[in-house]
Amino acid sequence: MQPPVEIRDSSEYRRRMNELLTIDPRRTVVVTVDMQNDYLDMELATAPVAPQEARRVIGNSKRLLEFARTEGIPVIHAYVKRRPVEVERGFESHPMVSISQRARVSQNAQAEARKGPDRIEGTPQAELPLELVAPGDVHVTTKRVMDSFHGTDLDTLVGRVFKADTVVLTGINTDTCVLATTFAAGNRGYRPVVISDCVASMRGIDQHWMALEIMSRSIAWVMTIDEFKAKVQAVKTQNPAAAR
Amino acid sequence: MQPPVEIRDSSEYRRRMNELLTIDPRRTVVVTVDMQNDYLDMELATAPVAPQEARRVIGNSKRLLEFARTEGIPVIHAYVKRRPVEVERGFESHPMVSISQRARVSQNAQAEARKGPDRIEGTPQAELPLELVAPGDVHVTTKRVMDSFHGTDLDTLVGRVFKADTVVLTGINTDTCVLATTFAAGNRGYRPVVISDCVASMRGIDQHWMALEIMSRSIAWVMTIDEFKAKVQAVKTQNPAAAR
Amino acid sequence: MQPPVEIRDSSEYRRRMNELLTIDPRRTVVVTVDMQNDYLDMELATAPVAPQEARRVIGNSKRLLEFARTEGIPVIHAYVKRRPVEVERGFESHPMVSISQRARVSQNAQAEARKGPDRIEGTPQAELPLELVAPGDVHVTTKRVMDSFHGTDLDTLVGRVFKADTVVLTGINTDTCVLATTFAAGNRGYRPVVISDCVASMRGIDQHWMALEIMSRSIAWVMTIDEFKAKVQAVKTQNPAAAR
Amino acid sequence: MQPPVEIRDSSEYRRRMNELLTIDPRRTVVVTVDMQNDYLDMELATAPVAPQEARRVIGNSKRLLEFARTEGIPVIHAYVKRRPVEVERGFESHPMVSISQRARVSQNAQAEARKGPDRIEGTPQAELPLELVAPGDVHVTTKRVMDSFHGTDLDTLVGRVFKADTVVLTGINTDTCVLATTFAAGNRGYRPVVISDCVASMRGIDQHWMALEIMSRSIAWVMTIDEFKAKVQAVKTQNPAAAR
């Protein structure tokens, strides 16, 4: 459909803000949000993104995470792994999600509403695609709501263990858990950088695009993997001590 | 400009979700977010929304808040009032906002970037439009970041003082502080309802519209004042005890 | 030594407060705090409590937890399990603990200061005594600081999964992690009950006793297992629906 | 009464820990906790500490705060100021306090249990003794529970506005709000220093003494004003840049 309002071109603001940003790899972490089979594996997913979006995000994220590991940038995977008892007790992560699901009204552009509780520990849906995980990665699996910082030790890891000032965000869905976590990072004073190549939404590429548009206009630096790499390289050239 | 992706029509999802919602006025609070002269008073504002948007939001909010007070629904104003010492010490509420402002790159569709710290206590910019305030209203002025729950007693008020399950949101800006607070309400298990008549963005009506679109597709019930009133009336008709 | 002040007898206050308390088993959870081999297993412990204290706490806790499971009261084990990377990065859980340890000044009444990082995941010191664990128990292992609620999903479990109003506390050490968690439970509006039979301190029975004394005079109901059992039985007798 | 256990002498541990501590005044804040007339003004107090304790704390705190201001160390007053609506709605800050008060069972060594809600905004009981307040001080009045960090902007002030690593604590009561806030400071990685001259408890000097004993053995540096002053002077002598 035609939006009822004219969408302005904000690329110039985004370009200038990205230009102003410097990234010190020693004070940076990469966080993947809900980067799970339940969204990304077309065989297993109960809430899939579009197949081409899954391929795009997995391929690009593999490339980003390998770069990060090479540069000594910590990789943290934050995702939902429900304990069976939470499901038995009927825990609701978000009232709108529960009501939507119970009424069988789907938000998903590719599939029906989930039929029951998702991502229970021990199920393959709760796991990450194998190609995105490496031995030294950190797993934060107590995420229960959209914001990955809420009720988890993510802030302790970012601020006190890794002493980072920049949080690089990737994952699923651009418009909900990535967006909520991007807000939460900024609220804590961290600089949020969202890698557009590595995020997607099951609600469609329009919702994905609008979320990136919203973030880039006010709360996050939105850039591609290549732009991110260039920023890391630039700092290392200027300051060899930043290379580890 | 033409969005690079086709925007789907999500009105049917929104309609069905709104239909499924019942609102108990005894367990509901209305929260205004940063409903301040600095955005809404065309004489005073350093970060104004468009004049017609200011008129729309003020007029409608007056109507909403009067209805809420009549129904015994608590009205909470959450907004930023900086202590002078915070300004002297150079406190940054969000790194992107600081960098943007220092470089004089404006996000505002109507005005230049703010020239200095905003909404300091004692200045008229930090006050709310007079027509939106009444004696029994609750003021939460320790908001410092986009999320009105972060570092404030808003959760104590909503959950433990008013024992509410539904948080009705209004204020400025739809795409930043309202959106962040809507996420935060949902993360805590509250049902977020955003009144479209009573929110606006200094970043333009396109950004405002996209934020509402994003919220209504997954994290909040988005409705007009009249739809909200009808929901409150419906419950009172079915259950006279809900009338106070 | 003789305390420099006369210690008053507060048993009458404690008795009357305990009398006033009713406990609904359907709204109660039992939380063990740092109930780990590193304190309790005399072969493995690097920060042991006194051997007879370890025996007392393990024996009694076994009895309490079995009672809880029989009554359908959820058992949550909250404890520290450090990721190796946290140790490599030199994460400090509390500045006083770090400075004390580095200077080799021990707080422990039985042993020297710990020589290095404690309770790393994969080590037997981080595990719980086998007799205290059963299949349906819930494990919260992201505890990193003294307060078991800080940076964990314990509040989500207690409040939103189990919908409890009463938190029964046990574990090690009475004067630090148990005390901090008891404060945190009360701050959130839960009713804290500390089972004196099931807590101990590596800093000695005087420190343990003073912590119980402090708690019982203002912030927690302190009682024995038998008193707790009697309270659960009393409610079931009065209200058979509370029996599950 | 005679404690049922022998109290060990921990003064050597305290002495050594205090020796190990250095304090940088540029990274230090002083926090007063509930330093209010309701405890300290013998005419107004509904929950008084002993008169000589009130005199001791007020006199010493005046001296400490004047020293802090002279040294450029920020002074933050954190205390409870209830909005009338919270009282009308029956908000309970801690379940044990409510039950105790309703049953008229007093914790106070000098007075009966409070008869109703305390420290409502606009009442003189909620104010601080005049001699303890100066124009540049910061007031945090949204404290509602024992921990001054809970639901307030104290962490934002300490960590992000003042960028402090050391939190110096004073106030009422040593065994509840001061103790809870000392735990909370340590949980966040700040170094807690409790000034023994400037804290007291309405529950008696035994409870006050035990709380100091507990803190000094594991979670806080406990020292007198003079010891604190000497530490600040020592740093300034070694590093004149620390003098402002």
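In order of appearance the chains are A, B, C and D, and numbering begins at 1 in each one.
The rule is simple: a contact is a pair of C-beta atoms (placed from the backbone, for glycine too) under 8 Å apart; a residue touches a chain by one contact, two chains touch by 3 or more.
On a predicted model such as this, the values are computed, not experimentally measured, just so you know.
Chemist: Determine the shortest chain-contact distance, in steps, between subunit B and subunit D.
Modeler: Steps on the shortest route: 1.
Chemist: Measuring between mean CA coordinates, which chain is farthest from subunit A?
Modeler: Here the answer is chain D, farthest from subunit A.
Chemist: Measure off the straight-line distance from the CA centroid of subunit B to the CA centroid of subunit C, and report it in whole Å.
Modeler: The computed centroid separation for subunit B versus subunit C comes out at 41 Å.
Chemist: Compute the distance, rounded to whole Å, between the mean C-alpha positions of subunit C and subunit D.
Modeler: Result: the chain centres lie 25 Å from each other.
Chemist: Could you grab the centroid distance between subunit A and subunit C? Build each centroid from C-alpha atoms only and quote it in angstrom.
Modeler: 36
Chemist: Using the touch rule from the top of the page, what residues of subunit C touch 2 or more other chains?
Modeler: Subunit C, residues with two or more chain partners: 92, 160, 189.
Chemist: Among line, ring, star, complete and other, which one matches the pattern of chain touches?
Modeler: Topology of touching chains reads as a ring, each chain with two neighbours.
Chemist: Return all touching chain pairs.
Modeler: A-B, A-C, B-D, C-D
Chemist: Subunit A touches which residues of subunit C in the complex?
Modeler: Interface residues on the subunit C side: 74, 83, 85-86, 89, 91-92, 136, 138, 140, 142, 144, 151-153, 155-157, 160-162.
Chemist: Under the touch definition given earlier, write down the residues of subunit B that touch subunit A in their complex.
Modeler: 1-9, 13, 16-17, 20-21, 92, 94-97, 99-100, 103, 105, 107, 109, 145-147, 150, 165, 173, 175-176, 179-180, 183-184, 186-187, 189-192, 203-207, 209-211, 213-214, 217-221
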